[in-house]
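Take a look at the structure set out below.
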Amino acid sequence: MLNTLTEPTREVMPAGLKDQYIGAFKWMVQARTVEEKLSSLWRAGKVAGGVYVGKGHEAISVAMGVMLKPGDVFGPLIRDQAGRMAFGEPLIDGVRTYLGSKLGPMRGREGNVHRGRIREGTFPMISHLGSLIAVVAGALLARRMRGEQHVVGATSIGDGGTSTGAFHEALNMAAVERLPLVVVVTNNRYAYSTPNQRQFACRDLVDRAIGYGMEGYGVDGTDLKECLEVVGRAVARARRGHGPQLVVASCLRLSGHAEHDDASYVDPTLSTSHVGRDCIKVAEQYLIDQGWADRATILRWREHAKGEVEEAVVKVQHEPAPDPAEEEWRSYATERFATVVL
Amino acid sequence: MLNTLTEPTREVMPAGLKDQYIGAFKWMVQARTVEEKLSSLWRAGKVAGGVYVGKGHEAISVAMGVMLKPGDVFGPLIRDQAGRMAFGEPLIDGVRTYLGSKLGPMRGREGNVHRGRIREGTFPMISHLGSLIAVVAGALLARRMRGEQHVVGATSIGDGGTSTGAFHEALNMAAVERLPLVVVVTNNRYAYSTPNQRQFACRDLVDRAIGYGMEGYGVDGTDLKECLEVVGRAVARARRGHGPQLVVASCLRLSGHAEHDDASYVDPTLSTSHVGRDCIKVAEQYLIDQGWADRATILRWREHAKGEVEEAVVKVQHEPAPDPAEEEWRSYATERFATVVL
Amino acid sequence: MSITYLEAIREAQSVALRDDPRVYLYGQDIGPFGGAFKATKDLAALYPGRVLDSPISEDAMVGSAVGAAMEGMRPVVEMQFADFSSVGFNQIVNQAATLYWRTGVPCPITIRLPAGGNPGAGPFHSQMLEGIYSHFPGLIVMTPATVEDAYSMLLEAIALDDPVIYCEHKYLYNRLKADALSTSNLPTGQARVARPGRDVTVVAYSAMVHEALAAAEEMAREGVELEVVDLRAVKPLDFDTVLASVARTGRMICVAESWPWGGTNAEVIARVASEGFTLLDAPPVRINSFDTPIPYHPKLWAAHRPSSKAICVEARKLMEW
Amino acid sequence: MSITYLEAIREAQSVALRDDPRVYLYGQDIGPFGGAFKATKDLAALYPGRVLDSPISEDAMVGSAVGAAMEGMRPVVEMQFADFSSVGFNQIVNQAATLYWRTGVPCPITIRLPAGGNPGAGPFHSQMLEGIYSHFPGLIVMTPATVEDAYSMLLEAIALDDPVIYCEHKYLYNRLKADALSTSNLPTGQARVARPGRDVTVVAYSAMVHEALAAAEEMAREGVELEVVDLRAVKPLDFDTVLASVARTGRMICVAESWPWGGTNAEVIARVASEGFTLLDAPPVRINSFDTPIPYHPKLWAAHRPSSKAICVEARKLMEW
C-alpha cells in the first residue's frame, strides 16, 4: 500500500504546476463565492430546502476536477462545488438548481447538490450516501467493455459515508474488476454532528485501502499543493491500470452541515488546529510566498468571481420556475408508457 | 494488529488441552456423521430443500462452540453443525429441522440451517448473508446495557459473505461500540462457484481488520489445534474488553455448495494442497501422534456417533409433520393482532 | 401549555426512557445533537448511555436493534429520513418482521420514519413508505395524524411486542399544535371519525387527514358533508369504522400522499368493494400523489401531492354521480 | 423440439447477447457455472467477457448496472433469488427507477428475480415482490406465466429503455414446456385471455395462471366457465382486458401468490371498483397467500399458497351469490 501522507511524490506534477495551481485556486474562490451567495439567498428565504457548502473542502474537491480530463467520469457529492466547476460544470448549473430554475439541468425536479450532466460525465447524486460509487464503477466497467482506454472515474464520499454498506460493496467490486476508479474520502471530522470516534474505530480511514487491495493515500486537505499532487498521482495510476485508488483527505468542515446548522458541536480545539486551517487562506499565502500572485491580483480574482456570481444569480432570478401545468409528469422513457399512470 | 497466522500463541491454551481437543474432535466427528446421513436422506428424496454441509469447516466451527461459554451468544451460519453442537445445540435439532418435524425448534416453519434457540444463545440465521452479524452485535450491546460483564458473541461468515454491505456495517459498528464480538470468516476459497479472485482483491481477508480497528488473526482452518488456540485467544481477548476480533480461517469446502452441487469447478490443485486437507483426518493423526487416542478408540467414537445419529433420525422420522389445519398462521406476538390478517 | 406534533414525539420517547429501563434510542445524530429534527432534544443528557449516535449504517442499526430486542430490550431506531430506510430494508422486512413467526420470540422494536413531503425536500427526503412496509407480514405500521396520536401511538409502539414502523409526518412537525397530551387514547387497530358527515366518507391518514378536514370545511359551505375517517394505523387496518361510515354515506374518497400503484388506498378500496359490496352508491375514488418521484420545486411539489382542492373536486363529482 | 420456461430465459439472454453488443450479464455464479438455476448455462463461454460473476454485493450489482446503462449499455442483473433483491433495494427503487425522471437519461437495465415458492424453499427463497416494486414510479414489472412470455418478455425487457423487474417463477422453471418459442408476441402492457369463459373472470399472473387454468378445467366439469386473464405484467397493468372480461362475466376473482395487504390483487380490485363500478354483479374476491412468511415445510407451504382448489371454492360461492 502506498501512503504518501508524509512525503507526497512529484511524479505527476507537470512543469506547469504554477498555472495548474492558480487555475485551481480560482475555482476554489469561485466555489466559495457562489456558496456564500447561495447561503445568503437561503437566509433571505429565497432557496427552498437546504444549502450545503464545501467550505474547507475546496482544495481536495478542486483537485479532482483539475486532475480529471474531459471524457472522464466524475461523481461529486455534497461539498464538491469547486471540483464540479473545475471539471466543467457551468457556474450557473448550481445557481439554477438551488433556485429551482426550469432551465437548470434538473428542471426544478431535483435541487441543490442533486445535479449533474451525465452526457458531460458529471453524475448526479441521489441522497443515499455511498450509492453513487457503484454507479461510477459501473460506468467505468461499461467504458472498458466498449474498449475505451485510459478513462478514469473519480467520486467523493465523506467520513460518515464510509460506514455505509454501499461504500464497501462498491470499493470491493471496483477492486475485483480492477477499475480505474479514484475514491476520495474527505474526512472533515464530522458527519453532520457525529464525530469520527462515533463513526469508525480505525486509526485512519486510509487503513481501509489494504482490505480492498487498493492503493491508498492520505493527504492534507488544507494544502492545495498536496491535494493536487496526491489526487494527481492517484488519477494517473488509475489511468495507467493500477486499479482503484483510495485517497483520504484530512480537513475540517468550516460550516454547519447545512445553512440551518450552527455547528456548535464542533470541538473548538479542532478549529484552531492544523486541520482547521482554511484551505483557501493557506493557498493564498502559498501563492504569495511563491511570488505567483500578489494580494492585489488575488483581490481582482475575487472581485471577478463575485461579478460572475452576481451576474448568474440575477440572470437565474429572472428565469421561469417549472409550471405544473406544463410538466409532463413522466417516469418512463418508453414512449408508449409515457402517459400510462399505472 | 495482531496476526498470529505464523506463530499461534499459547496464551489461552488451558492445561486441559488434551481433553478439550478430544472433546472438540468428537463433535467434529458427530457433525460429519450427521451431515453425511442428512445428505443420504436428501439423495433418497427424504429432505425438502437443500442440505448444506460443513465438510472441511469442522475444525474452525467447533473451535467457536468449544471456546464460547454458556451465557455467551453464538450466531452460526451455513456450515456450523460442529460449532452448534459444541455450543450446546442438541443433535436432534438439526435432524428435526431438516426433516421438518413439528417438534423441532423451528416447527417446520423454517428448514435446514435456518435454526436456533434464542433463549439458549444460538441465534437462527435468515438467508441473507451478513445480516446476522449486526443482530449478534445488538445482543451484545443489550447485554452491556443491562450491565452483564464478560459476555462474548461469536458469529460465522464466509469469504463470499464478506462482500455484503451488512458485513461492513456490522463490523464497523461493533468496533465503534467496542463490543465483545468475534467474527470468524471461513475462507473456503469459494462462494458457491465463485472463487476468491472474483470475490475480493486483497492479499488476505485478515487485512480487513485494521480498517475496522479490530484485532485480526489468520488461522489454518485444517488444523484443529491452531483453530482452538486462535479462536480461544480471540474469544478471551474479546471477553477481556479488547473489542471485536476478526479471525480468518483458511480451508477448502470439501463438498458442493449444497448436495445438488458436484463442485466440479473446484481447482484440483487446491484440493491436493495444504488447504485441501481434511481437518478431521489431520486431527485424527494428531491424536495418534500425541498418543491421546489410538485408531481403535477413534473408531469407537465414530461408531458411537453413528449410533446417536441413527437413533435421532429414526426417532424424528416417526415424529409428526406440522399440520396446516392446526398451524396458527400468526405473524404477530401481540395477542389482539393474532387473528387480524390484515 | 401548547405542544407540537414534534414535541409530542420527543415527549413520548422521554416518557418511555423514564418508565422502562429496556428502552434505548439509536440513530444518526440523535445523541448530544438531539437529532436532525430535534426529536430527541436533551434526551442523551437526561438518560446517559441510552440515546446513542449511530454510524451511517441503517442495515446495522436495524439489525442490532433486532438483536437487542431478542435480549429483551425495546430499541427505538430513528431513521434520519424515512427514505433512508431503503438501505435498512432487508433487516426490517426479513429479520425483524419474521422473527416472532420463525422463533416465537417477540421483536419489540420501533422504527421511526420521518416521512412525507415538504416544499423543497425533493425525491429522497419526502417519501411515504407505509404501503411498502404494510405488505410484509409481521410489521405494524402507524401513521399518526394528530399531536395526541403522535404521542400515545409512539408510546404504544414502544410497548407493543411487535416491530412497529412509526411513520411521523415531517409536514406536521411544527405546524400541528395541541393544548395537552392525552394520557388515554384509542389503541392501534381502531380508526377514528375525525369529523362526522352525512354525504361522503373521506378515508385518510397522516398529513392527508388535514387536507380532508380542510376539504370538509369548504364543502360544508356548499352544503355537502364529508365524513373524515382517520385510519391512524394502516396495518392493521380498522375496517369496521370505514365500513360503518360508508354504510352511512354510500360514497367514498380515499386520500393518500403515497404513490398510486397499490398502497393503502388500493387496500381500502379493495376491501370495501369486497366486504361492503352493496354499500357504495357511487364508484370509490382514489386520490394519490402522481406516479413520479416527488419533485423538489415547491410549485411542482404542491401539484404532485393531493390537496384539499382535489378532494373537493372529487366530492362534487361524487355528489352529482 | 421442446423447451422449458427456464431454457426460454436462457435462450432469450443468449439471443440478446448475440444481437446487441450493449448487453452484458452480471450476477453471482452466472459465469462458468451457469447460474444457480443454470439460466446462463454456457453463455460465459459463448460471449467471453460479457457474462460476469459478481461478488455477493446486490447493492453494487444494481448500482453498477445503472452506471453502465448511463453509458449506453443494457445490463441484465441476475439476483440469485428474488428475496435477495431486498439488499439491492435502494439502488433499484431510488437510483434506477428515478434516473430518467431526474435526468432525461434512460436506464435500460433488466433485473431478473427468480421468484415464488417451491416446496422446502422457506421464507427467504420464495418471495413474490412484484407488488413492492410496482409501487415505485419508473419501474416496469413483468410476471411471465408461459414459456413464450418468459422468452419474448425477457427480450422485450432488455430492449426497453426503462428499468424492468423481471419476475421469473422458479416453480415454472422445469415444470412448463412448450414446443417452440414465439418469435412475435404480445407487447408488455397487454394482458391475455388465457382461457375464455362466460361466468367468472379470474385475474392471475405468473404461476397462479396455471392454478386458475386448473380451476377452470375443474369448474368446467360442473358447468361453470371461468375466464382466465393472464396479466403478464403488473406494472403497467392492462386494464382494458380486465374490464372487458368483467363486463362479460360480472364476477371477478383475483389470485396472487404474494401477501394479502396491498399488492396486485388490491390494485386490480380497486381499479375495477372505480372504473368498472357497474360491471360487477357480485363482490370481487381476493385470493392471496396467508399473511405470514412462507413456510419451509411442503405441507405448510401448500396450504399457505393459493391453489386451484381455493379458486374453485370461491367460484362456487360466487355462482351462488
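Labels A, B, C and D are assigned to the chains in the order they are written; within every chain, residues are numbered from 1.
We take it that a residue touches a chain if its C-beta (ideal position, glycine included) is under 8 Å from a C-beta of that chain, and two chains touch if they have at least 3 such contacts.
All of these numbers come straight from a predicted model, not from anything done at the bench.
Participant: Hey, which chain ends up farthest from chain D, C-alpha centres compared?
Facilitator: It is A whose centre lies farthest from that of chain D.
Participant: Between chain A and chain C, what distance separates the C-alpha centroids? Give it in angstrom.
Facilitator: Computed value for the inter-centroid distance: 36 Å.
Participant: Centre to centre, by mean C-alpha position, how many angstrom separate chain A and chain D?
Facilitator: Chain centroid spacing, chain A to chain D, equals 41 Å.
Participant: Let me have the rounded angstrom distance from the C-alpha centre of chain C over to the C-alpha centre of chain D, please.
Facilitator: Using C-alpha averages as centres, the distance is 30 Å.
Participant: Listing for chain C: what residues touch at least two other chains?
Facilitator: Where chain C meets two or more other chains at a single residue, that happens at 54-55, 57, 59, 83, 86-87, 90, 94, 97-98, 101-102, 123-124, 137-138, 235, 261, 267, 290-293.
Participant: Would you give the residues of chain B that are in contact with at least 2 other chains, written as numbers and ranges?
Facilitator: Those would be 106, 109-110, 114, 126, 128, 163-166, 169, 172-173, 176, 198-200, 330-331, 342.
Participant: Based on which chains touch which, is the overall arrangement a line, ring, star, complete graph, or other?
Facilitator: Looks like everything touches everything, fully connected.
Participant: Taking the complex as given, what residues does chain A use to touch chain C?
Facilitator: Spelled out, the residues of chain A in touch with chain C are 47-50, 100, 106, 108-112, 114, 126-130, 160-161, 163-166, 191-194, 198-200, 265, 321-324, 327, 329-331, 341-342.
Participant: Along chain B, where are the residues that touch chain A in the complex?
Facilitator: Listed in rising order, the residues of chain B that touch chain A are 163-169, 172-173, 175-176, 178, 197-203, 205, 207-214, 243.
Participant: For chain D, which residues are in contact with chain C within the complex?
Facilitator: Contact set of chain D toward chain C: 59, 83, 86-87, 89-90, 93-94, 97-98, 101-102, 123-124, 131-132, 134-138, 235, 258-259, 261-267, 269-270, 272-275, 277, 280, 282-286, 290-293.
Participant: Which chain D residues qualify as touching chain B in the complex?
Facilitator: It is residues 28-29, 31-33, 36, 53-57, 59, 81, 83-84, 86-87, 119-125, 260-261, 290-293, 295-300, 302-304 of chain D that touch chain B.
Participant: Show me the residue ranges of chain D that touch chain A in the complex, using the header's touch definition.
Facilitator: On the chain D side, the touching residues are 24, 49-50, 54-55, 57-73, 75, 87, 90-91, 94-95, 97-98, 100-103, 105-108, 137-138, 140, 160-162, 187, 189, 235-237, 239, 267, 271.
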